[in-house]
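First chain A sits with chain B, and in the next complex the same chain sits with chain C.
Presenting the complex of A and B:
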């Protein structure tokens, strides 16, 4: 049995977790390649026009995987950091199943629909039974996978804190969801351009989630989405350590459409650039905007230094 | 500050269908403060709202913000917002922030802030509307409010099924106006019962020329767009003018008072195994039940970018293919043209009629 993991949406949140689990359980898997223009075009033709860009990319990846594996791995997670998630995560299984109905898609999933600490393990146990694994194997693989993910995130955030402290370049806090900034098609051009312009991109996504969420209320009190709480909290916590903030959104992201407005209204002391990505290609416009933004940062720095 | 305390509290909830009469009863009889019936939505409301909203937020937010602005102009000083399972959960805080940045002074009761497990939090938020609120009065007023909402839904449903077939044009609308005028003066449950009796008798007496087999169309969609007639460009009226019977199950009675979520979820299992979030379950289950009831077409209305409804669309397409029934999708933004909608509706009507004729021929 071969499992296909689409490199989209939740993969960027759980990459070490999933791959370690399947490695430990001895299950063969295949990862879809990094997002290319072909995958986006394919996904665009499969999805509803109005659907958001990450959904289109997900459908493109599944389209690539569907003939190369027996089961496509697509879990359903209802809560992030004990808070609500965007409804596209709740609907993605049914969406994919109905979109690929004619091609007889087989889905492998775990359904984590409760808030409690044991909910995820229970969901994994159920999935493990479906795969024909023994209880001990599931438990062992799950524990190791959780640890791997935890250490991965910990080292990532520590490394970023070191960079934040040591670098002499312009520090730009890039606020974007994991599945946007990690994606080759959406996030990569922006990080590359920022580095070319002699800036150090600091990713809000890489900071420790719970530490950030504790401070999210400074900007917004009733923010319902867990992932957005994380990002907004990172702004609240590290806004004094960076020179500017770049917000990266995809069109037409539901939560971001409102949260970005809130951030621009509440955070007035740092220059903010809001970039909205669409399926259109060509990065010339993006580079121009980032260049003029970095010019402002440099100008401010000179002004401050006298 | 002294002036502000002496100021009379005028509460307001955004315009939403015809429910403002029920909210008025609850606020005036229960909470004991004045309620401003929000002015009916016009083009200006939408323009005001979209000028101050973020670009691609869903349209209901723009309507709500426009409604708040118009209500503040008319003297409201205590605004309210409910919570929900989608972006609706964040409406309150963002709208409050935008209005405060514009320099307005007001109280804001945001239900998304309430911790529903703690009675203290609930009472604290009730005190935002009226600092001297009497809980007993609110509790006494609640059953009548619920009865009133149910009555409004019943009345509107009757209208929806019959308004296209009236003999003398304008009979139903005239009675509807009288009905709401009567609701405005209700003081207790007894009066409400009397109104129910008299008006339903009068409703049934209105001459109707209804053929045995009419064209039936079901409406589904997101919570606000399907319920607020302005935001779907009076689509129900358009259908009535074409001589169609309109069915719509999405209302307060079916969602909050008698929550049918579990029933709907079970019904939709064949197409949506898990809960797709917010109103998507209702949309799928209702479309499926309309199809099974033998309706001639289903229309989905939604605001542009409504994530749960977009996720329901591939499922609706599959239902449409399986049962060979036309399902029309409408996506409304603040700049939708009216002529475009009319053209699509006419095409849909032609399709429904053609389908009806061919199926008759088969029999």
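Presenting the complex of A and C:
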């Protein structure tokens, strides 16, 4: 039996967790490639117009996987960091199942509707049973997978803190969801352009989630979505350490459309650039916007240094 | 012999060029339509500039390019500076108006607002994809109403009661305009209403949440439209400056940046006689299908861009 993991949405959150679990449990899997224009185009034609870009990309990845594996792995998760997630994470299984109904898609998933690690383990146990795994194997694989993910995130955030401290370049806090900034099609052109402009992109996503959420209330006390709490918290915690903030969002993201507006109204002490990505090709508009933005950062520095 | 610097601003609709001397004075300038062919437009522009500085004892030692075709023309003219429009406009305007605080800029495709503090750019905003096309929108509507763009503004000023036109989106504005015309509204009222709609659209989209503070300078192609200028003054509530050279500000700014760059190389106007070609193709090397653009001078490749990864990189000798 072979499992297909789409390189989209939650993969960018749980990369180490999932792959370690399947590795430890001895389950063979195939990972879809990094997002290409072909995948985006395919996803676009499968999705309804109103779906958000990351959802379209997910469908493109599943389209790539469907003939290359027995089961497509796609979990259903309701909570992130003990807070609500965007509804697309709850709906994705049904969406995918209906979109690919004619092609007889087989889905493998775990359902997690409760908060906390116990609920997650239970969900994994259920999925493991379905895969024919023994209890002890599931428990062992789950523990190792959790640990791997934890270390991965810890090292990532520590490394970024070191960079933040040592770099002499313009530091730009890039505020974007993991599945946007990690995606080769959406996030990569922005990181590359920033580096070409001699800036150090600092990813809000890479900072420790709970530490950030702890401080998110400084900007908003009533923010419902867990992932957005993380990002907003990163702004609250690190705004004094960076030169500017770039918010990257995809069209038409519901939560972001409200949260970004709130950020631009409440955070006034740093230059903020909001970039909205859609399937448009061509980086001209993007380059012009980032270039002018970095010019502003440089002007400010010049001005400060006399 | 005096030193001169060329600034070229190649927009989607029009191509602007200036020659400034070392005292930052414009000694030659021209403004012409791009007509979808930036290469040709720049050749015509350079010919005109060359004619204007003939006999003035000026040697051009630097070129700067800006505008949406800045890369292409930068490669062709071997420019010392290739800069984005926002910085170019800001530099140009602050050189002429050192105390300016806000710049409104409406061009053919893009509109922007630039916020300046003590002579430095501190913030800017550009239209999102949706609010684009103000200049080209106005000219297509002028055509629909059977008036030329040039007289659009003066007609608007004759209106006593501007018609209300939906300002949210140019698509709605257009259907609203057709509807109002069929209802029997006067042409000058509709035109004045359209100017108002463009301004409220601009202030609600591009200028949303920005600190708008006098002195304000309004530029870009649309600033030539006196009706839009008046609508701006009515809505912002203070006087707005439109420079006679407002349409040249991007070119002027980038010429100054070329001067500031300190890079000097003698510019030969003969490049207008050379044969430049561009060739675009879709890179077949991976699934991204990048559109790669190559520029050739006399059949020799001089520059290329558009690749997303190293697979598509083309080496220029």
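Operating definition for what follows: the second predicted complex is superposed on the first by the 305 of 306 C-alpha atoms of A that agree within 3 Å, B and C clash if a C-alpha of one lies under 4 Å from a C-alpha of the other, contacts with A are read in each partner's own complex, and residues count from 1 in each chain.
Quick note on the criterion: contacts are C-beta pairs under 8 Å (C-beta built on N, C-alpha and C of every residue); 3 or more make two chains touch, one makes a residue touch a chain.
The shown structure was predicted, so the numbers you read here are calculated from the model rather than taken from an experiment.
When both complexes are overlaid on chain A, chain B and chain C end up sitting side by side without clashing. Of the two partner chains, both chain B and chain C are touched by A:265.
In the superposition on chain A, contact is made by A:84 with chain B only, not with chain C.
Contacts of A:38 after superposition: chain C is touched, whereas chain B is not reached. By the document's definition of touching, of the two partners only chain B reaches A:48; chain C does not. Taking the C-alpha centre of chain A as the apex, the lines running to the C-alpha centres of chain B and chain C meet at 80 degrees, rounded to a multiple of 10. Shared-chain residue A:279: touches no atom of chain B or chain C. In the superposed model, A:220 makes contact with chain B only, not with chain C.
Of the two partner chains placed by the overlay, neither chain B nor chain C lies in contact with A:19. Taking chain A as the reference, the larger set of touched residues comes from B, when chain B and chain C are compared. Taking every C-alpha of chain B against every C-alpha of chain C after the fit on chain A, the minimum distance is 6 Å. Once the two complexes are overlaid on chain A, the chain A residues touched by chain B in the first and by chain C in the second are 265.
Across the complex, chain C is touched by residues 33, 36-39, 189, 264-265, 271, 276, 278, 280-282, 284-285, 287-289, 291-293, 295-296, 299-300, 302-303 of chain A. Within the complex formed with chain A, the chain B residues making contact are 53-58, 61, 85-87, 89-90, 92-94, 97-98, 101, 110, 112-113, 271-278, 280, 304-308, 310-315, 317-318, 331. Within the complex formed with chain A, the chain C residues making contact are 68, 83-87, 118, 120-124, 126, 128-129, 209, 286-289, 291, 308. Every residue of chain A that touches chain B in the complex is listed here, in rising order: 48, 50-52, 76, 84, 86-88, 90-95, 97-99, 101, 111, 113, 220-224, 251-252, 254-255, 257-262, 265-266.
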